[in-house]
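Here you go, one structure.
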Amino acid sequence: MNLAIADLPINPLLLYIACALGAVGVIFAMPRRGNNPAIVGGLVAAVAAGLVVLGLTLGSGRGEPTPSVFFYIFALLALGGGLRMITHPKPVYAALYFILTIIASSGLYLLLSAEFMAFALVVIYAGAIIITYLFVIMLATQAPSADDVDALSVYDASAHEPIAASAAGFVLLALLTTMLFHGTPDLPTRPGIDSSDAILARLPGKVDDALTPILLANGLMNEDERIARMADTGEVMINSAKHTVLVTNAEVAGEAPTRETGRLVEVPAELWPSDLSGTNVEGLGLNLLGEHPMTIEIAGVVLLMAMLGATVLARKQVDLEEEAKARQARHLALDGAIAGPGGAN
Amino acid sequence: MGVSMTTIMDAILSAAVAQHGGEAAHAAVAASHGVTGPLWIGLIPLLPLLGVVLVTLLACFNEKSKMPAWISVGLLAVSFLLTLFAYLGWNGHDAIHLKLWDWIGLSWGDLRGQTLAAGFAFYFDGLSLLWMLFVTGLACLIGLYASEYMEHDAGLGYCRFFAAFNLFVFSMSCLVMGDNLLMLFLGWEGVGLCSYLLIGYFYKKKSAVDAGMKAFVVNRIGDLGLLMGMLLTFTTFGTLQYDALFNQIHTGLTAGGTPLSQTWQVWAIPLLLMGGAFGKSAQLFFYVWLPDAMEGPTPVSALIHAATMVTAGVYLVARMMPLYLADPAHIALTAVTWGGAITAFWSATIAVAQFDIKRIMGYSTISQLGYMFAGLGVLATTGGVFHVFTHAFFKATLFLSCGAVMHGFAGQLDMRKLSGLWSINGFRVVVIAMLIGCLNLSGFPFTGGYFSKDMIIAEAFVTPDSVIAGSSWAGWLLLLTAGMTAYYTFRVFFRVFVGPVVYEPGEDLHAHDDHEHADAHGHGHGHDDAHDHAAEHFHPHGPKWAINLVLTLLSVGCILSAGLYFLGDHHGWAGGMVHASSAVVDTHAVEGGEEALLFGQPPHEIMFYISAVFGFGGILLAAWFHGPKGIAGLLIGGRTTAAEVRMDPIAKALRPISTWAVRKWYVDEFYHLVLVTPLKIFAHLFHWFDKLIVDGLVNFFGATPRVSSDAIGESTQTGVLHDYALRMVAGIAVVLVVVVLVLF
Amino acid sequence: MHALLADSTLTGGLLTLAQSDFPHALSTLTLNHYLFVSAAMFALGIIGFLTRRNLIIMFLCTELMFQAAGLALIAFGRYHLNFDGQSFVIFVLTIAAAEAAMALALVVLLFRRRESLDADLWAELKG
Amino acid sequence: MLVLLILLPLLFGVAVLLRPPAAAKWWALGGTSLCLAIGAMLVGRFFANASPDVPFQAQGSFAWLPALGLNLSVGIDSVATLLIGLTLLLGPICVGASWTAIPQHRARLFYGWLLVLQAAMVGVFAARDLLVFYTCFEFTLLPMFVMINEFGSTNRHKAATKFFLYTFTGSIIALAGLVYTAWAVGTRATGVDGFTLDIATLTEHASHVLTAREQALVLLAMLCGFAVKVPLFPFHTWLPLAHTEAPTAGSVILAGVLLKLGTYAMYRFVLPLVPHAVLEHAPAVAILAIIGIIYAGLICWVQTDVKKLVAYSSVSHLGFCVLGLFALNSAGVTGSVLYMLNHGLSTGALFLLVGFMYERYHTRDMREIGGLGAKMPIWSTFMVFFVMSSVGLPGLNGFPSEFLCTMGAFISHTGWTSGAARHVGATWGPLGPWFGFAAGTGVIVAAIYLLAMVAKMVWGTLREPAVHHGEHDHHAGGPHLPVDLTAREIMTLLPIGVLCIVFGLFPTQTLIGAIESDVNAQVAFVHERSGEAPTEHEAHFAQQEHRQQRDAGRDEQIAGVKP
């Protein structure tokens, strides 16, 4: 065990001290009656987070320089927003802080080259889900007294066992990080041309559109030739680094081209379209639809069900009114009966 | 399977013969070169079984006629005739084998002792033939007798009786004819069942039901010995089949190669088997069930509890004689001798004091069985077996006569309430038959009983004490018992069958209709009123043709059986039969050839006189004490009423002893106190132990989680969401701590 | 724990910090950085869930935890250089949206019953 | 065909639920009869094709979750075949016995569960992997629970709960033992690095890979489960309660088949999986069995509730069964297997008889009811007959089994198999003559209590409860039963009676010969494997070796993928 812990990328003592410190900070930051040292708590928590990040940075070996400044900014914003969200006594503010966290997270997504998800997150979460929350908060929150609109409800103003909860949460954090950090190496290089080519290979139309005019215009490819699509996978063979692409005779292309029957064309670097690459969105789309089609269906059904469920649940249930309606219905029926058999029709 | 097993058996036999060529010739006595019998021999037991089926069918159709009896008697007669044919067709020395099918056969290897082979197979040698002859013959006659005796129960009861009766003959045949110990056990338990069913025939009488159960349970105790003996036989000799077993014993080695004389099994097996035999034949500690068994209908008492079933123990010991002789110290034989002699004497002491004539016959049966065992014990197998044969006839006669009395006097058996049957119309045949039976039983000169009993007693003196410890003492005890036997036998005869005519009807006036009987009891007038009322109108009815015919035939049989003593050259016909069976004893080889003397004479010769003296003495005593005035009391009797005799003052003088003898020495009470009560107490203790401790523990373990979870739940199940969530998180944290500590 | 204190103390760590090329070191990012942020976010979510009594904020906290999981997924996807992580975040978003819809409907329902959002008022599960 | 036998009752169970209540019993009768017919064909075909080389027939395996190595496989050897035959035979009999006892409006529930129960029981006997076995083994509890809980007499809820919890707890512990064995075999022998659930594989390897200590613990765990099921003293207290409260058909199945699941599991798992421990601890188990025989027998004697008496007699009888198994020789094991069948027949019939009586008089107290000999002659005849079968009268079915069990214990004495005092009839084994003797005393006790029961119930003067089934007090709508047995009731008893006689007179031809080769193989297997268990070091080494092999295999696989 000792050996293993020594393998951690961060000094474990530092990690645990930081966790403890964070816990103290959060406890202080919790809403409570009377003197509220929330700012002190926030600072302590921020110091703790900083310690861990520092330790991680020191512990890590060499790595590709990345736009790390943005990471620190976004991480600080995300955690700070999260901290404020859970500590702010007013629900509306809490929701707004959560939006801050989400926006910061989407920044982190960008750093992780998940551009599409970054924006999707902002749109879906900040734009849709949290707005729903805000509506519900406004619907459901009532001021405790009519004369003071800004007064807090009791349940907002005081936390429920903050010490125990924070202790548990940070113990969990310490353990989680201990386990998560165990032996994970540095991030690999940024996904570059290779992965881009992999996406492009599955997008023959895009490659066709970009390359065919260039190839034809420069005489690199005959009129009866076209960019080859592999017989087995239907992918095109393209290498952005070497600027090569496989083309094949149209007749031959009709009969399932292979690497052998095709002709590798090397495009001069200046002619290679600079914007030809597989984007994140394309990659995600291929992954989503190519490998998880069933999950999408299920997700759709889940959403539908949730919609129905929410509708059913939130439907105005006023028992009295229902009862009154029923009474009225009976009354009408009775009247009909008295009116005679003709009324039944 | 069957083929393989026979092959194995053949291999074993031939191996044994090859290995011990010298003894093989000797082993011929045990009929190793048996002949395969004709298939119809199998009908001898199967016909009665057919009878069971037919009678049961009749019961299903609610037959009210005497049809069951006629079917039974007919089938039994055929069975008897077949036995007779088998006997006539028998070559006189070889055993006849007949295997119908494998009954219990199991093999776990090819070696010796790795196959349990118990065929549903028959083995006929002299011993089985002799037994079968009187079993089927008597069964047929007694069936005929019962057809009249049981007539008041015509209907379901009649069918029940004859079904069990037939089943009994089937079982007894299996017992006697079986070719292995398991077949014997089949019959053994089968006759036990029939005995149980028939003793409890009058099932509304609690005493009858209890008696049946007692018989079955006591027998089972003995059967445990038989079972253990059987299993020990199997482990020691590797077989349960007679032929293979006797051949092995004749080699003097166990199947494992150890000399028999050095093993403990050589005395343990016979002793265990003796336990079984004593159980079935009501000897020593086991006798208690037989007197109670007289609760059954008299034909049953005659057939099962006098003539046939109870001799099964004798058959077992006789059949297993080679095993008993294999022990050089003769421990088991000594035990058999003394067990028999003591039982003979003991039950005679009880018999002299009883007043119930059927019970007297019961005790006399025990006593006579004691003679048979003693005979086997002192190596007089011929005498023992001959006594079985003669006893079967005369005891059946005696019982049937008593039964006729009982039938005629509505179940009256008390000798103080009956007298002078000779002078009552219609009972002449009964009295004559009774007289013949009594003479036989008391060993009157030149009767069958006289010869067979003498052979036993004389042999007790012949066999040296060095061979069977105290055999001559046993002889004296048996002689004394012979005198007592004569006394109590003729005590019955003198009191009931001759003398002034006095009678009171028994309580079975409405035996066939218990409901009315019970109503009569329950009536306000009470028991006595009803009784007297019935007595006023009571007329004894003499037996009709069936009973008279049977009694006549049996009396003739009794007389003729004496003649068998003079047939053949091996001490009579029975000797010849025994000689051609496993029961043969080479007395000279055992005794060392030295001729024993009694009063300076060879015991076999002088015994005729001595036993005659004892017999006469007993009869004269009986006449003096119990005989009526006049010629019927041999001119020395003085009895004028039924109830009072010269013995009464003497019995009064001997108060404690005589009372104890009348109370059967309180043996039943003793057993009850020592065995039944503790067992019952244990049963109750176990019952409560089971309820409170065993089940209590279970309930305790069941209740613990419930109670504790109630307690925990009270404090933890607050219903507040946060508490649950917090505990969940803490739980995950704990799990993670464990994971980190263990895995990292 | 003993070895941990012995061979890598806080002072040792600070020493390394002082000696290293500071800007460069700080600009080196690893997977662990992201995972830490994710874990910390998750812990905050849990703490929030445990401490806040307002039902809506409790649900917001669960959303925070979803966020944490999403971040971890994206980081791992980046680490493995594939799109599975991102795909899963889409599903997480879906579930989050569905959950939000249902949860908020429930909250509204509960609010109608008691005119309060205090979670402690609901103790029907008491055993 | 085997799968058909499992699925068909389920199908009919569904049919029973879908049809109107009035048709329920007819559907149940049809279903069970059809199964019986198929079962008869199965048994016939099995023995027609039986050969010692192919112990298992009708094998089938269906991949269920191949990724997890989970298969559903079935197959039967001679022992399983006979027990399946018994199960199927009791099916129609139970339906017949419940014909009038179950009120029509609840008939669907009853017969539906009855059919499910039958499927589960067949599944247990047919199982060739632990998954099927254990699933079915546990699934028998649920129908039985419902039958007792819904259709029992006064104390039924307690009885049902106790039955369920007690046997379930035991089974869970047994499961732990089985799973451990499956794991050990998986990691040390077959190298799947997981659990081996196939029974044949388990049997083949378990004794080679479990150390002596592990075997002892696994034995203990398995006995905890199976001994409760059997039940062995002192785990028997659920049985009298469950039997007393269960409806007649429930009692019949409980005694006839469910108890046999325990002994069958012992035969199938305990003996071959942990032979070393079995050999070592057989005397202890045998002593428990013998205590059970005598103790329960004596308790029977003082019972006043006739059904409880028969229930306790089951405890006593099953003692013989366990004793025979742990004699570890052919005679004992054969006897034990025979006992499973014969006890099912004779005690099943006794429960039927008690049930028929109960249906008429609504009491089981022998102080209130008795002396029925004259009033119900047919009933009495059957009663005496089956009591005799139960007592072990030679010529009826009880005897061969009882005798062989006793004999097995008696001759199972290793000390006798060699040396100067060699007994050729003795076999290798852990018991000895004293065990046989002690078991033999049980036969006496059996005679005492069963005859005492007959004396009270059949013989003697008629005793009837003050209020019994008369025209005036019989519950409305219920069918009126005649005094003695009806033709339907006789028809349920008659086949059992016939089998009792056939199995009593021709045991070799019908039963012993059928199972001989399988039992001998089993005994030889236990004998061969019981000698030496691997040491802890060896077991550990085997595990390491297999782990290395597996890792090497995985590396290769990865290496093969990478270029």
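The first chain written gets the first letter, and so on, giving A, B, C and D; residue counts start at 1 in each chain.
By our rule, a contact is a pair of C-beta atoms (placed from the backbone, for glycine too) under 8 Å apart; a residue touches a chain by one contact, two chains touch by 3 or more.
Because the structure is a prediction, the values reported are computed rather than measured.
The set of chains in contact with chain A as well as chain B comprises C. Summarising the inter-chain contacts, the pair of chains with the most C-beta pairs in contact is A-C. Relative to the centroid of every protein C-alpha atom shown, the closest chain centre, again from C-alpha atoms, is found for D.
Chain centres here are Cα means. That of chain B falls 38 Å from that of chain D. In terms of their C-alpha centroids, the spacing between chain A and chain C amounts to 12 Å. With centres defined as mean CA coordinates, chain D is found 56 Å away from chain C.
Per-chain Cα centroids separate chain A from chain D by 59 Å.
The multi-chain contact residues of chain B, meaning those touching 2 or more other chains, are 722, 726, 729.
Shown for chain A are the residues in touch with two or more other chains, namely 5, 160-161, 164-165, 168-169, 172, 176.
Residue positions of chain C with contacts to 2 or more other chains are 46, 50-51, 53, 119-120. All chain pairs that touch, listed by label, are A-B, A-C, B-C, B-D. Every residue of chain C that touches chain A in the complex is listed here, in rising order: 1-5, 7-10, 12-13, 16-17, 20, 24-37, 39-48, 50-54, 56-57, 59-61, 63-64, 67, 70-71, 74-75, 77-79, 81-87, 89-91, 93-102, 104-109, 111-112, 115-120.
Taken in their complex, chain C has these residues touching chain B: 46, 49-51, 53, 58, 119-120, 122-127.
Across the complex, chain B is touched by residues 162, 165-166, 234, 236-238, 295, 298-299, 301-303, 329-331, 334, 371, 373-374, 377, 384, 388, 393-395, 399-400, 403-404, 406-407, 410-411, 413, 416, 420-427, 433, 436-437, 440-441, 443-444, 447-448, 451-452, 455, 458-461, 505-509, 512-513, 516, 520, 523 of chain D.
By the touch criterion given at the top, residues 713, 717-722, 724-726, 729 of chain B touch chain C in their complex. Touching chain A in their complex are the following residues of chain B: 722, 726, 729-730, 732-733, 736-737, 739-741, 744.
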